[in-house]
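Take a look at the structures below.
What follows is chain A paired twice: with chain B in the first complex and chain C in the second.
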Partner chain A sequence: MTDLTQPRPVTAPVRRSSGLFGIDLASPRHARKLGYLLLLPAVLLILGILVYPMLLAIEISFHDVKFATLSFGASDYTLKNYVKLFTSSDFWNAIGVSAKLLVVVTSISMLVGLGAALLVNQQFRGRGVARMLIALPWAIPEVVAVITWLWILDASFGVLNWMLLKLGVIGLPISWLNQPLPAFSAVTMVMVWKGFPFISIMILAGLQSIPEEYYQAARVDGANVWKRFIWITLPCLMPVLGVSLVLTVLWVFRDFSIINVLTGGGPVGATETLAIMTYEEAFSFFRMGYASALGVVTLIICALISAFLVKKTSHAVF
Partner chain B sequence: MKRKLWQSILLYATVIVACAVVLFPVYWMVVTSLQPPGSLRAYPPHFLPPDPQWQTYIRLFIETDILRWMANSAIVAVTATGISMVAAVLAGYSLSRYQTKSSENVGLFILMSKMLPATMLIIPLFGIMRSLGLMGSLWSLIFAHATAIVPFATWMLKGYFDSIPNELEQAAQVDGCTPWGALFRVILPVAAPGLAATSLYGFVLSWADYLFARTFLANNADSWTVNLGIATFKGEYQTDWNLVMAASLLAALPIMIAYLFLQRFLVGGMTAGAGK
Partner chain C sequence: MADIQIQNLNKRYGSFQALHDMSLDVKDGEFIVFVGPSGCGKSTALKILAGLEAASTGSIIIGGEDVTELAPAKRDIAMVFQNYALYPHLTVRQNIGFGLMMRGTDKKQINQRVERAAQALEISDLLERRPKALSGGQRQRVALGRAIVREPQVFLMDEPLSNLDAALRVQMRAEITALQRRIGVTTIYVTHDQTEAMTMADRIVIMRKGVVQQIGSPDALFNRPANMFVAGFIGSPAMNFLRGKVQRDDRGLFADAGGLRLPVVEAAASYLGKTVICGIRPESLDLARGDAPALEITPTLVESLGTEAYVHFKLPGQQVATAVAGEHEHQPLGNGTLIARLYDVGTPLSGGTIRLGLKPQASVHLFDPATEQAIS
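Coming up: the complex of A and B.
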């Protein structure tokens, strides 16, 4: 391989056998082969660690297995897991929690993300630093973020309760993680804090690509700030907003670490999403077949949601 | 357009308040880690520790395996990012230059592989890793992370390569470069900011993982990564919040520093593929 990267004199013949499998990959005739060759490592990784396990999970979901094995067809095919799933109240609860979380977290994150991006897109001194700082939560690992929030939310000594009491918002300390609604709010809070910076980063890049002339022209025509936002900023941002929306929705729907460490899905299932339930069934109760069925349903819902969103935003995205 | 004084004041005030709210948890992590154990339960809380306790960090190094956890995380993150960057550079370049038709579908394919719920994949992967004897080994994590990084990294890099004119390699090839030479000596140096942003993305993704680490490594404490270690540690030292916060800060620090240095590349990198 080293001969490939050695400098060649300018006078050397332009086309020489590059030696790889004796095929002259520089020739246009073999360009397609080289193209596929370059794709190979990525494709192998994805086939081995994404596609094959996915097929295996689908296979397992049709078996009554209590522990994950690699042997195909070890037991008879059965629909038992799916029947159990659709008649289980836990499953419908998890669907409800996932849906609620999806709507609440995604909408708040998008609004906060858009607001933050618009703010640090203004002209002011120290803008670079502000841009850097406002997106910092993106770089903090989820587990670390959650543990920090656990301390902030501590019922007896947490700083959040102290602040809220001081401001007179609440009369008594809230036991954040032991009651359904506060626990759900806590999960929302942490997810928004962790999730909005990514949206901001995306939107900021989108804002920077809008030509300044558009705004100048609009100003000449007498459009005020609000009108410029509605008629220039938003339409130009649509592609970026669409991509951010899809990525955020998928993240909220599948996230494991935040909820697992913060509430573990409790109290009484108030924060138990499909992802949390899948993991619990698989690795706390070792019902691998049942858990796989849950995973497959999660996958199908993810596919439907993203297909819907891509369709809705496709004129702008692709 | 000149801003009036009150508008400037309002703008700066908003920026400062927004940054303060967003950064408060990080600030609280630092302050708590320096608090003497007695004043953790002070009422009202101390917003500046009167007597910073640096020895908390020394206690952390002595009493816990945090240095080993961080070393494990670093090994996994560097190796996984390395593997996935090789795969993603080649694939991204190929999609940008060779597959004109099929690359239109790549956006959807990337989206599809981002769609797979990790909590589903981990069930068969658990079985696969067990039968390969990789349970408790860092390699199980490296492969899982590399594959999680590759799709989005490919997408980001394809966007970068698209922005580099084709004429650049053509010129290089006319001057006697092979396709490989053109890629490694002409295109990659030009795409350096993109490579930096993509590597940072991969590193952050790997360093932040908890799900795979918890499932594959739980039984082998020697190979714990920093998130797994801290989550377990938090369970044991329930009330020593100063120690827990010191550990958390250390775990977040490497990525926060990398982020601060590479942030300006990131903005372009993440949207390179999305904006079109």
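Coming up: the complex of A and C.
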């Protein structure tokens, strides 16, 4: 191409900076150094507030320590905490409650979350408001939300009992938080209420990333609504569902504030999960070594579950 | 296989009219291309044909049956999408067989038909792969496979080549045309690329802003454009438009366009003494010989392509800028240029003045300046 009439424009020379200590971190040779430099504060922070305490907890769990003092390292290493743990019926009860909660809360949350996401993904008037309402429980601080639920669930004055009585579902008020099964149901209900919005938001994002052409092609090919859901929506959502599942499972497993405020683990251990038990051992009975052992076991279980789920769900990522 | 009648089709989105009174008869086995810049209504028309959008008014008859109110699945059509719409979680085999499976065809027959389609498209060794592991051209073939395996009455294709690179596009263009000729299924193909339209179509439907501008064979559109839009859209580089005054002398009727004597058709007699717009294709211009009447121009840019050269030049006051129409229709640029496509120029064109004349047999297209319609 020969340009015959346009004169060449005059441009200013490129400014060169001498960089940090004479090293130009933008040059290809030093680009990596800049990366490490930018990561450094975060790495130091994580080492200080995450890795060090974790190592400390593992250390403590092998000592017979009541109060954590600076002298805990003086006593001998012992497996006493772990032996006590695995022979304790409280521990196995907590494992059972945690597992039950995990299965029930996760599956209901996933179903409700998926349903809500599908609903607000439709075209209708007021969709924006509906999406906001769904996200609302997630935005409220846990303790505030749970205290509100305490009022709703109150045996004498709670609105839930009033509604159920009015509707004729129950004949007598239910003492939600003082009987094992109602307490477990109440915890489940509040956890689902608090947990499903996050899943919904994730799934909604997933739904919006499915190209409209997939559905159009399927309609031309003769797939009805149900077949389109089974053959397109679900498989295309698998990566999102997998990630949501992992995050929800871990959240249910480690959540403390909802149960602690609602039931405190009671009645008679019906809602006492590993997290609650760890807290009680550490800060009610001050058995630090024992509580640390509980923490370590919880950590291992969490790691195993997430490793398994990540491996399982990553198969669905095509 | 079937013929298609589109009758007075209209589509409104609120106050926006996407399609104005479109009517078209497609013969059995014909390859029709809808072409036009984006927003011209071509994709809307295709979606209405497919049943993915409802028509506001009008009707569609495929193979003698009124399908206007039928669901897409009941129209016996197959559609190829711009992004292929291959399901990422299914293998190529499952993708191609999807439509058959949805219709409850038995497994053995699905397999047979999928393999036959795969053979026809030379993708048999890709059947167990997933779309992610395929190149653009291979995905395109799979998308075609999904369409042909059902043996529908009509193929609808929505810009199926626009995601491919230039070289592959030329190859797939030829392959789709050959495939369509071989299986003889009535096909409606949408594109914004006039080259695709020209090379593939039996007939072209050229559209702008929801209105059909002209329907005809590629040759008819090229040689007898109905208006300035068609004239400017079909052909590359685009036609040059110059203002010229219609005059008569002893050699007959002509238009005087800045020193160039353009012989014009007798139909222009009613414009005698008035200004008209003369359309000259870039390939109709040549270096003027001797002292024949010619345009004295100074090239602003010379693009050499080896055997030919595009000479850009300007004739302020004389040239008529038109909307640049490709994928997107742009407003006319004040500084648009005219182009002469010169073959075997020989000596390199220097920065000086050159003289351009009209080739002996070249035709000049005349347009009314007010209506932009062809004068013929």
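The rule we apply is simple: the second predicted complex is superposed on the first by the 292 of 318 C-alpha atoms of A that agree within 3 Å, B and C clash if a C-alpha of one lies under 4 Å from a C-alpha of the other, contacts with A are read in each partner's own complex, and residues count from 1 in each chain.
The working rule: a residue touches a chain if its C-beta (ideal position, glycine included) is under 8 Å from a C-beta of that chain, and two chains touch if they have at least 3 such contacts.
Model, not experiment: these values are computed from the prediction.
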| item | value |
| --- | --- |
| Which of chain B and chain C A:221 touches, first, second, both or neither | second |
| First, second, both or neither for A:135, with chain B first and chain C second | first |
| Chain B versus chain C as contact partner of A:236, first or second or both or neither | second |
| First (chain B), second (chain C), both or neither touched by A:157 | first |
| Partner touching more residues of chain A, whether chain B or chain C | B |
| Chain B versus chain C as contact partner of A:50, first or second or both or neither | first |
| Contact residues common to both interfaces of chain A (with chain B and with chain C) | 4-5, 318 |
| Chain A - residues contacting chain C, complex | 1-5, 211, 213-214, 216-223, 227, 231-232, 235-236, 238, 316, 318 |
| Touching residues (chain side chain B, partner chain A) in the complex | 8, 11-12, 14-15, 18-19, 22-23, 25-26, 28-29, 32, 40-41, 43-45, 83-84, 86-88, 90-91, 93-95, 97-99, 104, 107-108, 111-128, 130-131, 143-144, 146-147, 150-151, 154, 173-181, 184-185, 204, 207-208, 210-211, 215, 226-227, 230-231, 234, 241, 244-245, 248, 251-252, 255-256, 258-260, 263-264, 266-268, 270-271, 274-276 |
| Chain C residues touching chain A - in the complex, by the definition given at the top | 50-52, 71-73, 77-79, 81-83, 85, 87-90, 98-99, 102-103, 130, 132, 146, 150, 298-304, 351 |
| For the chain A and chain B complex, residues of the former touching the latter | 4-5, 8-10, 12, 14, 18, 25-26, 31-32, 34-43, 45-46, 48-50, 52-54, 56-57, 60, 68-70, 116, 119-120, 122, 124, 126, 128, 130-145, 147-152, 154, 156-157, 159, 162, 166, 193, 198, 201-202, 204-206, 208-209, 239-240, 243, 246-247, 250, 253-254, 256-257, 260-261, 274-276, 278-279, 282-283, 288, 291-292, 294-296, 298-299, 302-303, 306, 310, 317-318 |
